[in-house]
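In the two assemblies presented below, chain A is common to both, partnered first by chain B and then by chain C.
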Partner chain A sequence: MNVRRVSAVVLKESREILRDPITVGVSLLMPLVMLFLFGYAISLDVRHAALGVWDGDATPASRELVEALTGNEYFRLTAHYGSLHDLEQSLQRSEADLVLVIPPGFAADLVRGARPEVQVLVDGTYSATALLVSGFARAIIAGYRQSGRPQLLHLETRVWYNPSLNSANYVVPGLYAVILLAFPPLLTALGIVREKETGTIQSIFASPLTAAEFITGKLVPYSLIAFLQMVMVIAVGYAWFGVPFEGSLPFLLAAGLIYVLCTVGIGLLVSTVTRTQLVAMLLALIVTLMPSFLFSGLLFPIFTMPELLQLYTNVFPGRYFVDISRGVALKGAGLEILGFEVALLALYTLAVFLLAVWRLKKKVA
Partner chain B sequence: MRLASLLVKELTQFLRDRVILLLILWLYTVEVVLCAYALGLDLRHLPLAVLDQDRTPMSRALVDGLTRGGAFDLVGHPADMRRAEEWLLQGRARAVLVIPPRFMQSLLRADAPDLQVLLDGSNANTAATARNYILQALQHLQSETGAGPPVEALVRVWYNPDLTNTRFIVLSMIALAALMVGVIHPAASIVREKEVGTIEQLRVTPIRTAELFLAKTLPTLAIGVLSVFPSLLIVWWFGVPLRGSLALFLLLTGLFLLSAIGIGVLIAAVCRTLQQALLLAFFGLFPIMFLSGTLAPIASMPGFLQTLSLGSPLRYYMDVILGIFLKGVGIEVLWPQALALAGIGALFFGLAALVFHRQQP
Partner chain C sequence: MSGEAIIEVQGLHRAFGRQPALAGLDLQVSRGEIFGVLGPDGAGKTTLMQCLAAILDPSEGACRVLGFDTVRQAAEVTSRIGYMSQGFTLYDRLSVDENLAFAAQIRGVPDSAFRDRRQRLLEMARLVHFGARRAGALSGGMRKKLSLCTNLIHEPPLLLLDELSLGVDPLSRRELWRMLRAFREQGTTVVLTTPYMDEAAYCDRLAFLHEGRLLAVDSPAGLRARAEGSVYRLRTAKTITTRERLDDAAEVIGVQWLPGQLVFQLAAGVPLPEPLRTALDGLGELQPVTAELEHAFVQLVGGGQERQGARQAAPVAKCTEQTAEAIAVTDLSVRFGDFTAVDRVSVSVAAGEVIGWLGPNGAGKTTLIRALCSLQRPSAGSARVAGQDIAHAPLALRQRIGYMSQRFSLYPDLTVAENLAFFAGAYGLRGEARRSAMAWAIEMTGLEGTESRWVGDLSGAQRQRLALACAVMHRPQVLFLDEPTSGVDPTSRQRFWELIQSLARGGMAVLVTTHYLEEASYCHRLGLMFQGRLIAIGTLAELQVEVGLAAGAEIEAIFMAYMARERSQPPGEAVA
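Take a look at the complex of A and B:
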């Protein structure tokens, strides 16, 4: 490998990137936009859910129950229904997220100690919201007229690593992994396939440049961009979102470097199997973007998935780095705990490059 | 006539590329199935470690009650607190239940013994759900001993009775696939003509911009709507009911695709090279996806993002697809969404036409 020739390719590629305002803009803005969207938009907290009431009892006791539900920030009262038909319509039109149905005779049953039943009808279309909303309603109703009664048990819960259960605290460190898997592979793949599609790769093959030199020259600028993106996202996550950073920054950056090489390597691999940029993009979407969102444990924990799909998640490197970045940022873990993940990542990177080289060799031969 | 020959050219180009068809089909089918199986919101198999300092039938009954439903998997009994903390740090356990010594004794004497739960908060949602589960399990234990609450809440979930995430995921993945194909494909096919230079040839022919747009739009529209049919099989496989009208669904899917294609065409108008177009399309997809309610409920977002989400066509389409499939509503409920989709589509096509005209020498 000739250093002079490699640096010539690096220079050419960097110039091409810098000259194109859209590519530069997207590369620098995209991770930040993603960070902000994730940090603010991905929150499963529910506040002020719309509660409709059908009160068949209309007594002070039933009103007290409604007040117990609406007297906090979880629910707001939207409507009192006159008929069951109105109630149905309001759920269907999504005007109410849930409806409380208080049967006639509620107060009388309560006085007799007959434990009256109230119904809570929940709109289940947005299952995430429905799950939370029904949990809140159940807890509040269970606590109705409960104060002063003796407790059987006393439960103390302590949450570690993220005591406020703030969703930004767990989403943002996971994002370091996702942003890097979403973007550098695409950039790299497009950078190489572009030359194939426009035919300029022929003139490169005709030059004294070897395939290895060409690839190295291509990968260096994209790795730099990827690394820059990572540093930027970590800095903004820390400074703007106030995400804790318990562990060692050098360790995270070192692991990040392996990961960056890995993601760029995936882009290279994609470029070796595709001929047009459109296909490269769709393929990158399927092998990097979707799994990095959905199968990395970022939002949906991996241990809840069926066994077979847990195996599928192993195919993508995102999950290892999600564990690493969350472990370092939130738990303050170091190499002694995350050694296995780092080793897997390194192995994975090596495998991706070997595969890409093998595909390239086959092509040239 | 001009339009017809242009259409034939576009369709031939589209159908010739088997790989793209395959990838589109993958997005509409395999990806949907994978997600439907994998992505659950309910708590399953959370690794739970139990530090049982009591070791009585009652403490074991408590642990049994927690692990029976499949929400928690018992991963072991750490020897002491230090070991339990280590497991939490390594991720071997995500929750630790600490049962104090003499738990049974104080429970029988109604002394309200202290139970302790340590949760790994590094996944906040899971931790919150786990806490709710444990609280519910304890409430259950309490009501079994006769100290239940005075009012019984009977929760019934409509439109999705077992409250699984599957229906929602299946439908939102189909919507996502339609969005991606709708935006990316027309953008790529128009810019390709620009980059290769064939657009100049088209411009010297009598073909007008509107005709070019139409010819670029219709194949994607057709494929986008047709691809819904394999997805319908998957929908049926997962037992998602189709309560509303299929015709209305197809019609509104077409409208949604048009608005997505409008975005693609606008991107194509702005960009010069394919690389730019693809990157920009990628960039544009994110806000549309995020601000649509597919990944997280819109109601949970801060106010300014809720306002921004009004510009995302996917938001309206989610209402459409969930409404028609799960609630069985018709156009009398969905007309605002249809109107919004049409408006967004018209806006983007209009902008694109404007940009194209200004580029003409």
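Take a look at the complex of A and C:
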């Protein structure tokens, strides 16, 4: 590698990029747009679930139970039903996420010391939400008036790493990985194809520049942009979404640099195998953005997938960086724990680079 | 010439899929010569250049360039040569200086040498004052000159130039050639491709390439000598009769139908047959003329298959309506802000007249034609085209005009018939009118039998005739052509122009923009545009006389003479 030739390509490429301010602007803005959209849209939390009540008892004790449920941010009271028919209608129309049925004689049972029974009907259409809602309801009801009674077993649950069980803390660091897999390749996929379309690539081929020098020269400026995108999304995640940052920032940035080199490299690889900018864009979308949602572990834990798909996820560098960024942000993990993932990413980057160099044969056909 | 071989090509074959682009080429180029490869589009010129530049491997055979094998020692070749591919090989968002600097850096030119050479090259190319301008904002000619500079910055011993003058006006072309000659003096070897006969004539040696094969390699004079004595000219007013009598003679292998005269060519070594002499007797003044490169090419191809179609005399097209004055322009100006693209142009074109429109890139030719097609509103002045005022009724106007662009606007994935049907629909032809228009257009252009073929599979010459068919099937009164025959072989060009002449005889006025003598000589009159103004108009002979040039002077020379006369103002090249 001749440093002078590589730096000539870097300089030329940087100038071309900077003189297209719209593209630079869009490429810096899009990751933020995506971060905000998904940071807010992908919420696995339940807040203010709609609660309907059929109170057949209508005593101070039954009202106390309802207040126990609505006295926090998880539920809000939306309806008191006059009949069981209304109740059914309400669930069918999805006006209530769950319904509490308090049978007559609830207060009397309590006074007698017998265990009164109440019924909770949950709309199970969205199973994940239903599970959470019924869990919350169960916990609150179980705690009702428990203070006066002797307890047989006391279970104390502590949630580590994400004590508030705030799903943004889980989603946003995962988004870093997805965003950096989605956008940098989209931009770089055009990098070499554009020169093929305009014909300038022929002058490059018929020059002393080697394929490795040319690819390196392209890699550097695009990786800088990608690195800038990364710093921006991490900063916004921390400052806006309030995602905790437990680990070492230099470590995350260093691992991120390897990651963006890898994703930018994928874009260049796409660029070497395609002939038109349109095809390059589509191919980049197909190999990066689409699988990155499914197979990076951003939304769906990889360990719950069928084994064959689990193997398949190894192909996507996003899954390693999801582990790294979540580990660093939430658990404060460092190289000693995430070393394997970082090493895999580095290996991946090298492979992508070599493949791109091999594909760019310095021949027109 | 020292005779030392810079390029040695042996048995070069190159196929793309099953389609052979080059079929067995042997070639030698010596140090210090300007070697031209002349051939129509699709002859294999670009493939040959890419093989020589070591960016394309031969299917069979071998090329040695500067003593290195282009396959095994490709890096040795590419690190030494300068190669300018077809089209524009610049980075549009970089400035002139930055493009040059990039070329120098990737080729390892030391900074000190770069400064000297940069200055010298920019001076030669007259680009010194444009160093900071973005390449994308340069005119076509300036871009070509800059492309050449970026390939000369490392002073390569061998320069490969693919389609040097494509889209370049005569003024810039002259400067390009001055640069080439200057570098040849220093021992640089130049290999270039061109589809243009007049440009090929400047080369030291010339190879005729046709359908992937070399027809001949010789000096331009040597090639012309091969056809010497077989070319005759007949000045006549009875062109149709003459044409028919020439058709009857089997010895005639080529006919150029020029205004007021027919130039015909006999097969090699055949004397003028007595029956033909008798047949032409009394039709006009017959005399032998000097053979041109075009005649040598036609002779080597042997007239060929294209002649067969040409023998059916093209049916004369009658326009539906006739207006004696097809185009009447009075003081027409088009201004864009402070920039005057067309400056008070007045011209009158009669029905049946073929007028050539010349001018450097950015002279305002395209803007003028856009205004005449009612695609561009004039700032001042008026014009009537085909009897319609261009300021009113643009739809009625467009029914009466036809336009054929340089890059024929055909649909390659449709068949010939489907293309014609589409354009017929676009002109509003339906039912019987559409069927008869399509049948007429196919017959006139000799495309019978190709109706169900895909346009992408047609030859360049066939595509060009189809483009003409599409442009005239509604029988327009005025036809606009933009460099219609650049890049086709001479026989096809002769045939195409015969079609144009017969359309003109039917009353169609034809306006042709071109940079090339080969096309300009077919026109009745020529108009020269410069900086938005029409600086001269007249027949080729009148223009030659007016600036005191000998008959037969080339378009380029005429151009330069008129330009010199106009040089009261500085020639600042405008952006195209």
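Methods note: the second predicted complex is superposed on the first by the 232 of 365 C-alpha atoms of A that agree within 3 Å, B and C clash if a C-alpha of one lies under 4 Å from a C-alpha of the other, contacts with A are read in each partner's own complex, and residues count from 1 in each chain.
Going forward, a contact is a pair of C-beta atoms (placed from the backbone, for glycine too) under 8 Å apart; a residue touches a chain by one contact, two chains touch by 3 or more.
Source: prediction; values computed, not measured.
By the document's definition of touching, neither partner reaches A:233: not chain B, not chain C. Look at A:198: by the touch rule set out above, it reaches both chain B and chain C.
By the document's definition of touching, both partners, chain B and chain C, reach A:20.
In the superposition on chain A, A:268 makes contact with neither chain B nor chain C. Of the two partner chains placed by the overlay, only chain B lies in contact with A:169; chain C stays clear of it.
Within the superposed three-chain model, A:122 lies in touch with chain B and out of touch with chain C [touch as defined at top]. In the superposed model, A:5 makes contact with chain C only, not with chain B.
Here chain B and chain C are compared by how many residues of chain A each touches, and B touches more. By the document's definition of touching, neither partner reaches A:356: not chain B, not chain C. In the superposed model, A:131 makes contact with chain B only, not with chain C. When the two complexes are superposed on chain A, the residues of chain A that touch both chain B and chain C are 20, 198.
Across the interface of their complex, chain B is touched by residues 20, 22-23, 26-27, 29-30, 33-34, 37-38, 40-49, 65, 91-94, 97, 110, 113, 115-131, 134-135, 137-139, 141-146, 149-163, 165-167, 169-170, 186-187, 190-191, 194, 197-198, 274, 276-279, 281-283, 285-286, 290, 293-295, 297, 299-301, 303-306, 309, 312-313, 323, 326-327, 330-331, 333, 337 of chain A.
By the touch criterion stated above, chain A contacts chain C in their complex at residues 2, 4-5, 7-9, 11-12, 15-16, 19-20, 198-200, 202-210, 362-365. By the touch rule above, chain C contacts chain A in their complex via residues 16, 50, 53-57, 74-75, 78-79, 81, 83-94, 98, 101-103, 105-108, 134, 150-151, 160. Within the complex formed with chain A, the chain B residues making contact are 17, 19-20, 23-24, 26-27, 31, 34-35, 37-47, 73, 88-91, 94, 107, 110, 112-129, 131-132, 134-136, 138-139, 141-142, 145, 147-161, 163-165, 167-168, 180, 184-185, 188, 192, 195, 271, 273-276, 278-283, 286-287, 290-291, 293, 295-297, 299-302, 305, 319, 322-323, 326-327, 329, 333.
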